[in-house]
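Both complexes below contain chain A, partnered by chain B and then by chain C.
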Partner chain A sequence: MKDSTTAEIALERLPKEQREAWQTVLLILADDELAAGHRASEWLGLAPSVEEDIAFASIAQDELGHARFYYQWLARLENTDVDAFVFRRPSADWRNAVFLERVRGDFAEAMLRVWLYDEWDAIRLKALASCSFAPLAVGAKKMLCEEEYHLEHARAWMKRLASGGEARVRLTTALAHSFPALADLADFGSANFVLPELLGVDIHSLRDEWKKEVAERLEALRLVCPAWPEPQSGGRMGRHTEDMQELLSTMTEVSRWLPEVSW
Partner chain B sequence: MSHTSHNESAPVTGEQIYEVFVQSNHQEAHQHVGSLLAPDDTMAMLLARENFLRRDKAVSLWVVPRSAFIVKDSGDGAFLKREFDRSYREVRGYADNAARWKAFKAKALTLEEVIEDVRTP
Partner chain C sequence: MDAALGNNHSQAVWKHLENIADPELPAVSLVDLGIVHRVETEENRVKVELLPTFIGCPALSVIADVVARELRSLDGVESVDVQFVYDTLWTSERLTERGKLALKRYGIAPPSLAQPVCPYCDSVETELTSRFGPAPCRMVAYCHHCQQPFEVFKTL
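Let's turn to the complex of A and B:
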């Protein structure tokens, strides 16, 4: 039944080079979900309605759950624990996209960020769902079930924000402000080259699929799609902005104060 | 709902109240769990999912625009009033039976009652 792309592989027993490539991919996925989830969670108590407040925070919690799934695999491979990844890593060791670490703007910018990221994440997860690392493929399928509703939620909000008035003005500003920061989102850093081997698809086709989806949806909302920046590996190589320092210092505050605290 | 525009650029105005019902398993009826404000049916369903099913499992979720309910409340004339005595319709008598039997059986007979019982043919 199984073809070469779905055959189960034991990650621990892979040649060092391949195992490291998977670890790079897992860390990128985990750090993206954690940074996105953390920034979204900052909206708790601030979203424009009490309904959206709970919904946005609930979706943020889903992202943290996805991050936890990836970190558990990494922890197993590196014989450490999940907290080591979240609370005890300097900024340069994080592999999330710079776009996801940026400090909170207004709600239009937050929703735009969630939407752009969710569109990319869905494309990336579809590729992962048929990868050769079976536990990851299974996890990706489960995550896609949740992401379907995240995406529906974000798309509904995009439509609503684009519908006119102050919301549309804010969304247009957010688009101009966000696009230049998208250089490293659709990227797997040093794993870009081995992506065809791992996922059976290359980074260019994944990236193009995402850009097409985004451009088409913006056009349907009669919004001008800003120029795409040249792809770069930025955050995927550990090159972050001061915003990442701020994120980490807030997130690790309690664990630094009481390293042995039980959560 | 009043006039709705199909122009995507028109500002969104109308939000309405939706009532939310959750069926937690196939043996239970849907239970009203709360209400929310939403701009349309799709968003109402998504918000209901994230607001009311964050922890609990469900097999079915209903969102219903409050305007879809046909309502009578205590302000509507005599419709819900209960002014005349209706206690004769209540079934308290049946419900009390078990307690009455228990009390009766628990009661110790007095000497007079035993004599009365023996005298009765």
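Let's turn to the complex of A and C:
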């Protein structure tokens, strides 16, 4: 299966610096979606109801599909294949946020992760949807429509978990545990400085928009918004935790056994 | 000798595509699903551009393979190039009326922003039970009138 090649020319014709900036952005988007998708897929069979099994599996499938969309552009620019990105990179070459690589917590923490990430993803996708690189803009618009279902789902669950009892206690614990790990989520690493050029918006306003959205929604649920950590580029510069090793080791297990296998 | 497939033969290709179904929705043709974006023919070469319904739909590569195989079987066609493109957005509004009817007959409520209508008994005493379903494009609802669960095509 191939995608349109009309845009390939446009991307490849960009001046080297601009092309590399796009590669940085695309890799961050791709790796985020892949890490989020992989962790979501782990809930299949473990979620509290069959509907949630299906929801997590469906969310995982969407995110992995989005990751493939981004990797296809990268593969073309770097003259390699999508599998090289997914199965043959050491942890230090991955650019996903540390928050998304973390091992599975309880259901409240997993749902909180989906919610926090998808609120941020929607904000950056909106910026991407109006970028000058047409196929990426159309893809972003499409992903926004798809992500709407994830967001509605996660927001509904946040409300349900916050309603009281053990669920609210667990959600509060998850908030305290999750916020310190958010330092590198709303970040584009070395591409932060060129974001206005690529997306017409700077990282600070994107980050503020996300924080405002999250804080307001937590307040509406009468939950205390924990302190935001100082922004850092951590995972965006390839600095990951041991959890990333675990993720990669599980994900690449079959391909390491059978390197010649066709997917 | 087979007649060459000229520039004005793209209609023959469109007609053939009307008989090819989405592997996950055997009741609906690719044309009625609205995913055929453009067909170009030049001599004995055919180029088909498709729009993905969902970016992560696992059926995409299967659809591309089926289209290529089916079109190669047409008289006068020697090479087929099938691509998924992002020139324009696929939305559920691209489903034809015939496509919506076929979905309903297959037991899937067509996309709608209003209350889903039960495809079995046409009741609106329905409830959305999950925003996710057996495929990325579908959700699950329940009909309180005929007490049947059913699928709803997502509005995109």
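The working rule: the second predicted complex is superposed on the first by the 254 of 263 C-alpha atoms of A that agree within 3 Å, B and C clash if a C-alpha of one lies under 4 Å from a C-alpha of the other, contacts with A are read in each partner's own complex, and residues count from 1 in each chain.
The criterion applied here is as follows: a contact is a pair of C-beta atoms (placed from the backbone, for glycine too) under 8 Å apart; a residue touches a chain by one contact, two chains touch by 3 or more.
Please read these numbers as outputs of a predicted model, since none were measured by experiment.
Of the two partner chains placed by the overlay, chain B and chain C both lie in contact with A:E152.
Judged by the touch definition given at the top, the superposed model places A:I54 against both chain B and chain C. Once the two structures are superposed, chain B and chain C can be ranked by residues of chain A touched, with C on top.
In the superposition on chain A, A:S163 makes contact with chain B only, while chain C stays out of contact range.
Contacts of A:G65 after superposition: chain C is touched, whereas chain B is not reached.
By the touch criterion defined above, A:V138 lies against chain C but remains apart from chain B after alignment on the C-alpha atoms of chain A. By the document's definition of touching, neither partner reaches A:D31: not chain B, not chain C.
In the overlay built on the shared chain, the residue A:E109 is in contact with neither chain B nor chain C. Put simply, chain A uses residues 51, 54-55, 58-59, 61, 149, 152-153 to touch chain B in one complex and chain C in the other. Residue ranges of chain A in contact with chain C, taken from their complex: 1-7, 51, 54-55, 57-59, 61-66, 68-69, 134-136, 138-139, 141-143, 145-146, 149, 152-153.
Contact residues of chain A toward chain B in the complex are 49, 51-52, 54-55, 58-59, 61, 149, 152-153, 156, 159-160, 162-165, 167-168, 220-222. Considering their complex, residues 8-12, 36-40, 42-43, 46-47, 49-51, 54 of chain B touch chain A.
Across the complex, chain C meets chain A through its residues 49, 52, 54-58, 60-61, 64, 82-91, 129-134, 136, 139-140, 154, 156.
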